[in-house]
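Down below is the structure, laid out as structure tokens.
Going by the order they are written in, the chains are A, B, C and D; count residues from 1 in each one.
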Amino acid sequence: MEPKETVRIEGFSDAVFAIAITLLGTDLRVPPPGSPGLIANLLGQWPEYLSFLSSFGTIAIAWIYHHKLFALIRRADHTLLLLNCLLLLGVTVMPYSRKILAEYVGSPDVRVAAMVNDGTFILTAVFFNLLWRHASAHSRLLDSRADPHAISVLNRMIAIVPLLYLGSFLLASVSAVASTGLNLVLVAFFAIPKQLDPNLPGT
Amino acid sequence: MEPKETVRIEGFSDAVFAIAITLLGTDLRVPPPGSPGLIANLLGQWPEYLSFLSSFGTIAIAWIYHHKLFALIRRADHTLLLLNCLLLLGVTVMPYSRKILAEYVGSPDVRVAAMVNDGTFILTAVFFNLLWRHASAHSRLLDSRADPHAISVLNRMIAIVPLLYLGSFLLASVSAVASTGLNLVLVAFFAIPKQLDPNLPGT
Amino acid sequence: MEPKETVRIEGFSDAVFAIAITLLGTDLRVPPPGSPGLIANLLGQWPEYLSFLSSFGTIAIAWIYHHKLFALIRRADHTLLLLNCLLLLGVTVMPYSRKILAEYVGSPDVRVAAMVNDGTFILTAVFFNLLWRHASAHSRLLDSRADPHAISVLNRMIAIVPLLYLGSFLLASVSAVASTGLNLVLVAFFAIPKQLDPNLPGT
Amino acid sequence: MEPKETVRIEGFSDAVFAIAITLLGTDLRVPPPGSPGLIANLLGQWPEYLSFLSSFGTIAIAWIYHHKLFALIRRADHTLLLLNCLLLLGVTVMPYSRKILAEYVGSPDVRVAAMVNDGTFILTAVFFNLLWRHASAHSRLLDSRADPHAISVLNRMIAIVPLLYLGSFLLASVSAVASTGLNLVLVAFFAIPKQLDPNLPGT
């Protein structure tokens, strides 16, 4: 059997996902020493940690599904490389939009900041769709052993993701905390994929 | 023989470990030029370097054991991917908790900061246990050539790690320096694994 | 067939490209909360985002062509390792020169800043030429199945890249925005390679 | 033939080298807009760029030799993993010691700062020796096809590196610029290895 052509795309993507997810931690603020004490200060920063967990989980889930898709993709063409770079653009911007959200906690603009953050999630989800639509529409890019049922399940599943984040975007216009919390719920939802479809392939 | 399914999980994890361990160095403070001179200033920053070495060693040892575990794991399921992401969450937070500890040297809250830092070590050790318990309990995930004795040695060894860091956590309530020093001792302890069990497999 | 010798060079290069492209995002400035509101502030930062997209696209295209070249390269000698390190030097400096450009928006020196930024693009394009010229001139470094026509197309294509960026450099002496916009157009141009040559190999 | 056991060690090391070398660029300072203009300000920062090129070249050469050594190493034991982590500790500290050097340009302590920077180079060179000495002394770790002559050439070559950097360390007590310049000369020296030994293997 021919060697898998996508090894380097996967390696490059893994590195971008890994750096983006680790940079989330470097943006967390250390509260300055002083009253009312470290624990109270850390607890008072809970919106910062909520947005960190939400973005960490979202990038982790995005990586897991990137992994699932490329387990089915065997060959790459120029368009696939470009669409993958667009997807990585979305991932790269996520730590920035989370930093905006964290910076605006307590400001009247916090809901707008949450909408900007959700906007990068929607964009990334759209790029995910374009990538997978291109790959699944060109059977020569796919592994010949790929299960057609698994492909159609993934098609349906990925198609609804932008709509879910659109819901979070609309919710952010009412409450930034509710929208960030919903994003965490979506992470949990995708972490347990059998809820979506009992026939979704395991890995 | 079928190809190893975990190549990409290992690559992604390697990148996260590598970034977290390298970011530790970027957080080290450069003392501003001026009296009493650079050497005196660097030596005066010894608690910063102690916590750096302790966290560097801890992440390095965590990577070495991640390497040992995945040498025995051959297949991945969805749960393994999720538990691995939780483990990486712990690793990603380590540079942040070390930065908190370094920032609070000289503050009355330094012992609380050391407990927060030890808390991320305990959490990461617990995630390590969950990951390995899941893999070792599902023999289809393991390499069929994996030595059952090696697996049971690793089981026992990994199970005590959260307890060791719990000891360090309790010690931190008395002395931040003693706790950070104990963490370095634990690094040395795991670096010489034959002390733990004469039958532990080499690599 | 012998194993590909360049796996590690590709892995190291992928990591450098991935870090440089992700660091572009960490340098984006978060506008401080306050009037005239987040959206107006973000829109007012459009030159920052233009230079971000331009540099992101340039590094992404550079990675895609690095990928194309190393699909044809099978063996490495010491000179190839060195030329690849020079290429990575150019890539590593790109986030720095973009930061200079972003910092000088609104300053009378902005055109000089754009020329500095374009200078790193020219330099990287020259290193790309040196790398590919060395590899394509030593047939023992190339995959024996490499299509001679594909090689000569790549030769011509890569040779013009420094000239294109020289044009952008000259344009920067008139307008920083026009030069940065031209760089984005060049990204789009290389993203659709069939425009350059109908016979260019797909991936 | 058995698969190479060191794939993951190489991947993890590649990522650490790549991050350290790319972080060097993020520490470069952008001169604030204003008189006497950007070009004059950039040229005035030449000691910063000298130390950047010197550290970039040193990490690049270290990576190239890490690559050369692991082309001969086929198996890993626990000690090799540990010594490799010590080597990576040296690499991780290099961006920090370069930042110290850059910060102290113009201060009376700049020579001490250059000695600290050279100290990390010496330490890394010593760890390189320990790593290679361990591997070359245990033939079961080496590729059975490894040329004994290549091994003994590498033995001699690597042994003198700490001495060369000790020379640079002593020179730094007289002049920080001369020492940093010598480090760049050493990079060029190692980049053309035939100068050292006409029989050194190519890659």
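In the analysis below, a residue touches a chain if its C-beta (ideal position, glycine included) is under 8 Å from a C-beta of that chain, and two chains touch if they have at least 3 such contacts.
In this text, all values refer to a predicted model and were calculated from it rather than measured experimentally.
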Counting residue numbers used by both copies over all numbers at the interface, does the chain A-chain C contact come out same (over half shared) or different (under half)? different
Could you work out how far chain C has to rotate to sit on chain D, using CA atoms and steps of 5 degrees? 90
Using C-alpha centroids, which chain lies at the maximum separation from chain B? C
Centre to centre, by mean C-alpha position, how many angstrom separate chain A and chain B? 26
Determine the centre-to-centre distance between chain B and chain C, using the mean Cα coordinates as centres, and give it in whole Å. 36
Going through chain A residue by residue, note those that touch at least 2 other chains and give them in order. 11, 15, 19, 23
Which bits of chain C are touching chain D when the two form their complex? 5, 8-9, 11-12, 15-16, 18-20, 23, 75-78, 81-82, 85, 88-89, 92-93, 95-96, 99-100, 103-104, 107, 109, 112-113, 116
Listed in rising order, the residues of chain D that touch chain C in the complex are 10-11, 14-15, 17-19, 21-26, 28, 30, 32-34, 37-39, 42, 56, 60, 63-64, 67, 70, 191, 193, 202-203
